[in-house]
Every structure is written in structure tokens, then in C-alpha cells.
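The following pair of complexes shares a single chain, subunit A, combined with subunit B in the former and subunit C in the latter.
Right, the complex of A and B next:
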């Protein structure tokens, strides 16, 4: 009998009306790199934030400016604060980067599918992140580390543009010092005092220690990076059924109504953003949809 | 004790190479160990060798006025470096500096070129292996040029 492969974990809504934003207050702000910042938020109308799964996102509404999808980058086990790590690239994210402690913003969610951390139990877990792609994967790291003994090898491969663009430096250093984790960081270019690898994140895959026959990979970063990363993972012997990617498309409703995020027959907001690679591979190589 | 030929044979670059070819190549090889921070080769100098990395990390860099040495790639255990010896003007285009203690095998280019000329079967096998590495490096460079972390998608 054929066994059905798990899709990315699907999750149901925890709020009664998913279109209504909830008021959140900024507790802390931190610049992670020159253009990327993290906001720690606390809900105004309740004690806890809604339960979320690693890989899910919220629609963040900056009053008077606009609403954008941002992944949750905090620990799913913590219900007191909500953390979003955002790169300032345009209209909404730039205004968002200027928010101060006690400012208010709207949040609706969490939405979308999650990284398959549960189905990965018993396997080697390979986490490959590029640039801001480490933010949506950080909750998966927290989940895996909370149940470390349930997994085989845990390998984190992270690529950034330069050493100054490396996210969550302190945490990476702490993870790197853990004997039961293999953490490799690479940058595209560096000056003399950088002691890590220089080169593409895809080039780390060949020398990463894992058993491809019993491994699950989770990949997040720019789409080009994900395309070449999955090629390298497959070269190492991991099947496309055991590789998961997170897609990014413009969004409006985030609940599968407006069609803004549609890729072929899939809605990234509702069927994704986390997808099994074999399911979306043909879409990743299309020029325009 | 390990023979030089067995050390050469262990390097992934020479995987599956026929025994007579391994013996030929070993005739051009020598063991080199350098300390962190020392140069393996320098930009602009005559390129007379290529290297296979046994252990350690090598940084490839280029000197940029006002910024110092910009490292654009590190070469690790099991990888190889150097093809400037193949084509005129036979000069290193970059500087190779040890990031850690580095153990490499150095291969004398003139010796190898002579052997490639004398035995075209060997030359073809050797160039195929080099071409694959060159292709991989070119593809990686193209992706670095896209500057993918800065652009959307």
C-alpha cells in the first residue's frame, strides 16, 4: 500500500475573525544588522499571544501605512511575547523600522503551514537558511532543540552577504558551541578578520555531516538560493519529498480569498508558505505566473 | 607509514583515477604545511603549482585599495585550488592565505604539463577533472554576482 507523504503541517485559525487585526504594543526593538530589525510585541487585549507553529506568519498592520506578511521568528513555546524580524526594504517595512517602545500596531494571524518538525523526529535535520531566511527557521530550531534527543544530527547551514549581515550572531555562536549541533556559517565576501567560511551556502552542503537516507531538510531564503540549495541536497541523496521550502508572494487577505498570492493552483498564504519541495518544484523554475 | 601515493589517492579530486595515472601524478607532488596567516601564493606571482587541501582552510582574496584583502572564497579539506598555471600569463590572479594550519599537496605544474602532453589519455582525464571544478566555481561566482540576498526572490 502506498503511504501518503506528509505535506507541510497545516494549522487552523485561533482567532474568530481572521480579517480583524489585534492591537499589539512594542516592548523592545533591536537592530540585528544594518537593515534588519527585530520587534518584540505584547498583545493589548489578552495576556498571551495566540499559539503558533514554526514557519507561520502574521499580517502586520502599520496604521496609516499598510499591511504586510512577516514570519514569526520567536520561540513557539513562549506565549508572552511575539517576535518579528524584518528587513527594511520598502514603504511599510521602513516605517515599521522606526517604531519605538510603546508604539501600537495591528497583528492578525498566525497564518499558513508550518515546518514539519514533528514528522522529522528520528531523522537528521538539515536547516539551510539564506539572509533573512533564518528568521522563519529560528522557531524550528527552538522546537528541535527543545526535544533534541528525538532527532539524529542537527545541522544548520547559514549564508549571508557579508559578516555584518549575519543575523542572530550571539545565538549562532551559542549554537555553534553546543556539541550536539553542527553549525556552519558562510558569507559571500569578507575582509581579513572573518574567521568563518566564504562562499555560497550551497557549497556547505557537500561537507555537511548527515545521512541523506534518513534526513529531512528545511530551506528558506531567496528563491534562487532555494533552487540551487535543493539541487545540492538532491545531489547528496535527499529526495525532494524530504525537502521543504518556504515561498514568498505578495499577500492581501492571507486566508485564501483574494488570490493575490496564487502560484499555479496553490495559495501561498493558505497551502504554504511551507511546501514540500516536490510539490512546488515545477513552479520554482517558472519565469512568471 | 603512509606513502605519498596513498595520500594522493585519498584526495577526492583523484577518486577513481587509474593506478598508473596516480603514480604519474605522485611524481609531481610534494607535501606542504603552512601556519595560519602565511601565504601559499600571492597575487601577480608566477603560478607554478596547484594544490589539493588535506586539512585546514585556505582563504582566497584580492587586495582592494582602501579596504585591504577582500576574501571571496575559502577552500576546505578535500578541495583543490589553482589553475593559473594552465594558461598564459601563468600568474596567480589572487592571493591564497592559510586561515588555519594548512596541510596541502603541491603539484609541480611544469612536470604535470609535460606528462599531459606525453600521454593524451592522462591529459584528457586530468583536464576533465579540472573542468568540472572550474564549472562549479564559475556557477558559484555567478550566484555571488547576483547578490541574491539583496534582491527580492
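Right, the complex of A and C next:
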């Protein structure tokens, strides 16, 4: 229904269009493992990157190739550079992995929900990551470590396929040497001179030191890993209301309009990607939902 | 006379346009700067396209629809709006099948991104049916009702004038009455017409639904609608409501579907479904889109284009590691569950308006009302067995 008859047929919006990317320049590139790399980016048209929360993601555009959602893996307290870590496995990420310092790419975001790091204050924090799932959890680690005294025990459980696939290795080693952190790393298959734990990340949960009655868990990894991890966490006595997971789905718009990321009645892009486990559990146990 | 005071007042806003003056209504809209879009017969079907004259309308035509069947045929020779819905929906004018979002220019290591300007047109949509008005209301909720709005849709939406037509006949795949979205256009229009065709007189009862509609009407020769005219118009719409070819039982529909995610009915539908996506393309509320990026031959200009997408394609749910909904069973379930159940959680309304297009245009004749009924019957049978078991134990 027409509400009025405007004279001019042009429309301007005061806010920037969330569908239009902003230009970012590559500052640094780094291969973290054989197939996983990090890009450090700086915005072309502003001094600071937009404020983001741990767990949020950006849509990253590679000229002429395409655009994909990638979680932000840098420190939310740092506004000068944007860090994305991803695996070179798809059309876009393969081209992205070949970008050099000073190359330009497009970024729009941040989008989505965040890890509830603030509401976890006073609790034991259990962070469980599988493979590249450590990337969206690293900003949460930074946030917790920046206010370490506000939390109880902080436990990081990390599982990788092989020792060569361990992400952010130097950082993990540094965290593991801290007296106020409990860091356990395990691999599916040991190679070379690996002397650490071998097995699934779920097997670490039984011996992790935390008080289940006063704990919050944040889990990210393949969906099957998150399913079994939450089962183990619940066995230890943490309620599904205090477990958070981050979901991955196909996304084209990131603003709840393209329909691709639906899981039941949820849009992973705007209702997630971080969900309270009790909210999504009935959906995650249904095949192909 | 059963007329109450309220309906007397309402009748004052209703006018009559004689058939011989109908062209003047179109002229008045064009004079106000509107491009007219209306139904036309083309390639053996009713389509929506530009019109300028009464002769452009599907005069004297009607249609025959059934599951997987559509035929135009001769109807009352004089009737202007005797055809029901065709495969097109008005969505294409507000939410185009293909839309460039922006362009990127890259030269000598520099890049600029230029957003596509919104260039909405002043459009008068002639002949929109009640179910289609409801579909527009649904799209408004989806595309304008959330934290993020679709800007191109918003810009075009403000330039649209709706001339509704109350249906004088229901098709065999119609079920708007059970979805509470028709056949009478009760809101969301600027003008609403009811075509009355008698042996010696052919006219339209017109209700204006907005100031703009009333303005347009004032430029057209009309006479005040008499009680007899209104009664005839009402009788036509009521008769249509009683003619619905199909119905969908919406009682506890959402709840019932949520309890049936693992129903064997999905496998049974999947055995017939070709996952062609026709239902999503003819649906007036399906809003899913994808984006495509490409460059020109010089490599200096990159474009992003948004296109209608369908949840029936494999790629729709692709993530590294595989397709989330690889089976036809899962894809049909996603589409139907979205229309009838999850849409309500997301947008507070049903995603289905009962237009019946998905039934008519399904090449294998899958009928959403029938599938919902089958699931309901199975669900109830299951519950019956459950209660019986409880009673015997």
C-alpha cells in the first residue's frame, strides 16, 4: 500500500549498507599449520576496526572470487588490526591463502552473537576446542586472561588431528606454562616426537579440574565433536544452560535475509553463531535438520 | 435491510466504476506517474507485466488448475479478471530475481567498492488478489521487520500502489479461506475492486483503502455504490469463499509438525519429489537468495549479484565437509516446515498464504495440503495408539 507519493525516486540511508564490504589491507600473513593460515588486516578507510565481541564473525570478500563467513580470532581489546584464521579448503580460502602483504580485500561485519564471557565472571571457565575451532575461542581466552582475577579456574582443552595440526602452538605453550591456567592438548594420531596425550578431546573432560556446580563451558569444533563434548560435560554435572556452542552453516548475507543458515527456526547468522546448548540441543540431535 | 450504522458509513467510501470507464482508472494512474503492472496472457499462462489498456488484460479468459496442471481457456467473454493466479508473483517487482548489489573496481593495486544505487519506480500493481496482498505483508515482516532491512525492497515498497481485485472464483488449488488470507482483500490495498458482470451491466465496486487510492479515484467517473451493488459484490466474494478447491487444517499445525520431524511421510514425499525447486520459484513468500561474484573480461570490474535461490538445491546448505541437507527428504521437510511451522517462530506469521501455486506448478503434483493432512493423520494415529497403550497398562 502506498503511503505517500514522494517527488523524487531516490532513497538514501543514513547507516552504511551492511551488505557492502569495507576495504582492508593485508599487514601480515602467517601459516599456522600445513593448511591453516592467519591474516592480519588493517582498515583502509578508518583508523580502527569496528568493535567486536569474542565469538562474532565477519564476511570476507576476495575480489572476483567470492565471500565467506570467518570468525574473528584476534583480541577484542585491540582495535588497530583485525585477525582472521582459516583453513585453505574452499574456493575463496584457497585464493585468500595466496594473498600477500599490501593486498586488498573486503570485510563486512562484525555479525552474530558472542561468547558470554562477561556472565561467566566468578565461575570456572572450561574452553573446549577441536581443530580450527580454537580460532573463534581465542578472543574469549584473551578476554578472560585480561580479567583473570574475575574468574575461578580456567581450563583449556584442545584436540587436533596430529601434532602438526596444533593451532597457535606458541601461544598454547605459553598459556600452558602459566600457573593460573590448566591447558591440556591431545591429538588423534601421534607423529614424530609427540610425548603428549593421544585420543579425543572428549577424553580430557573427565580429568579436567573444575567445579561443575559453578562452571561455564564454551565449545567449538566439528558438530560431532561438540555433541560428544557436551555429553561428557553434562556427565561431569554441568547443565546444558551453562554450555555454549558455536555453529557453522552456509551463509550468504549474514543479516538473516538470505535463508541459507537456518537450523529449525534459528538463523545461525543473527541468532548465533554462539548458542546456549540447551537451546539448540533438540536440533543438533536431528539428522539433516 | 440488515444494515448497521457502521456498514452504512463504510458503504459511503465505496464507489462504482462502470466497465466503460475502467480505462479511465488506468489512465488516471498513468497520469499520476505510475507504470502499470497487471495480468496478461502470454505463452499459454497468466503472467504479470506492463499494461496500459484494458485490452492488455486477459479479457474473456479463465483457467483450469489442478495439481501439476494449468490451462488457460475461454471464460465469460466480457470478464476482465476471470483468470486466477498464474506462475508469477508480484514479488519479482519488489524483490527482483536478480539484483546487482555493488561493483568493485580494481586498478594498479587499488580497489574501490561502489554500492548500487536504489532506483525504485512508481508502480501500480493492478489485480492483486487477497492472498497476494497477504504475501506482501509476509515479505514486509521478513524483509523490513527485523534488525536489518532489505534496502532495495524498502525503497521499492514505498513506491508501490496496490489495486486489489476480490476473487470472483476460486481455483481448484486455492485454499486462502483456510489460511485466513482471502478471498476478500480487507487491508493492505489502495483500491480494491469487485467485478460484477450481469446480463445488462458490467461494473466494479471500488473500495479505497488509502488517501492515495481515494485521490486516484476522484479523477475517475464514479457513482456511489448502492446497497444492491454492495450486496452483489459481497455475494460474489462469499460464493468464492465457498468454492475453495482445497483446505489446510491449521489447528495446532505448528506443534503437530514439530512432533513429526522423523515422520515416514517425508521419505514417501521424497520418493516423488524431483527437488526441482519450482514450488519455491512460484511461491509469493519464498525469500531465500544467494550471491554470485564475477569479474568482467578486463578483470578490472568485479560485481556482486543477488539471485533468488531455492532450499531444494544441494548447494544451498553446503559447508566444508558436506551438504547439511543432502537428501530430498530433508530438503522437502525444510521447505514445508519453514512455510508452516518455523516461519511462525521467526516472523510471527505463517509463511503460506494458501495461493496454491506450489500445487499447480509441481511437475509431479505434490500437494502441500495433502502432505500436511497425511502427517496429521499419522500423528493422530500415533497418539491414539499411545493413549490406548497407557489405558491398558
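Criterion: the second predicted complex is superposed on the first by the 273 of 289 C-alpha atoms of A that agree within 3 Å, B and C clash if a C-alpha of one lies under 4 Å from a C-alpha of the other, contacts with A are read in each partner's own complex, and residues count from 1 in each chain.
Quick note on the criterion: a contact is a pair of C-beta atoms (placed from the backbone, for glycine too) under 8 Å apart; a residue touches a chain by one contact, two chains touch by 3 or more.
The model shown is predicted, which means the values in this text are computed figures rather than measured ones.
Figure out whether A:248 sits in contact with subunit B (first) or subunit C (second), or with both, or with neither.
both
Once chain A of both complexes is superposed, is A:102 in touch with subunit B (first), subunit C (second), both, or neither?
In the superposed model, A:102 contacts subunit C only, not subunit B.
After lining up the shared chain so the two structures overlap, which partner does A:28 touch, if you call subunit B first and subunit C second: first, second, both or neither?
A:28 contacts neither subunit B nor subunit C.
Would you check which partner chain A:64 touches, where first means subunit B only, second means subunit C only, and both and neither mean what they say?
In the superposed model, A:64 contacts subunit C only, not subunit B.
May I ask you to decide whether A:169 touches subunit B, subunit C, both, or neither, giving the answer as first, second, both or neither?
A:169 contacts neither subunit B nor subunit C.
Counting only touches as set out at the top, which of subunit B and subunit C does A:148 meet: first, second, both, neither?
neither
For A:235, decide between first (touching subunit B), second (touching subunit C), both and neither.
So A:235 meets neither subunit B nor subunit C here.
Which holds for A:222: it touches subunit B only (first), subunit C only (second), both, or neither?
both
Does subunit A have more residues touched by subunit B or by subunit C?
Partner with more touched residues of subunit A: C.
For subunit A, give the residues common to its interface with subunit B and its interface with subunit C.
Common to the two interfaces on subunit A: residues 89, 222, 248.
Under the definition above, what is the set of subunit A residues touching subunit C in their complex?
1-6, 9-11, 13, 17-23, 61, 63-67, 87, 89-90, 102, 104, 106, 222, 248-250, 252-253, 255-260, 262, 264-265, 267, 270, 286-289
Quick one: which bits of subunit B touch subunit A in the complex? Just the residue numbers, please.
Those in contact with subunit A are residues 57, 59-61, 67-74, 76-78, 99, 140, 143-144, 146-153.
Could you list, by residue number, the parts of subunit A that touch subunit B in their complex?
That would be residues 89, 130-132, 159-161, 165, 186, 188-192, 194-200, 202-203, 207, 221-225, 228, 248 of subunit A.
Which of the residues in subunit C end up touching subunit A in this complex?
My answer: residues 32-33, 101-102, 104, 106, 109-113, 115, 117-122, 142-143, 146-148, 150-151, 154-155, 158-162, 188-190, 209-210, 212, 261-262, 287-291, 293-295, 299, 302, 304, 309, 311, 316-321, 324-327, 329-330, 334, 338, 341-342, 345-346.
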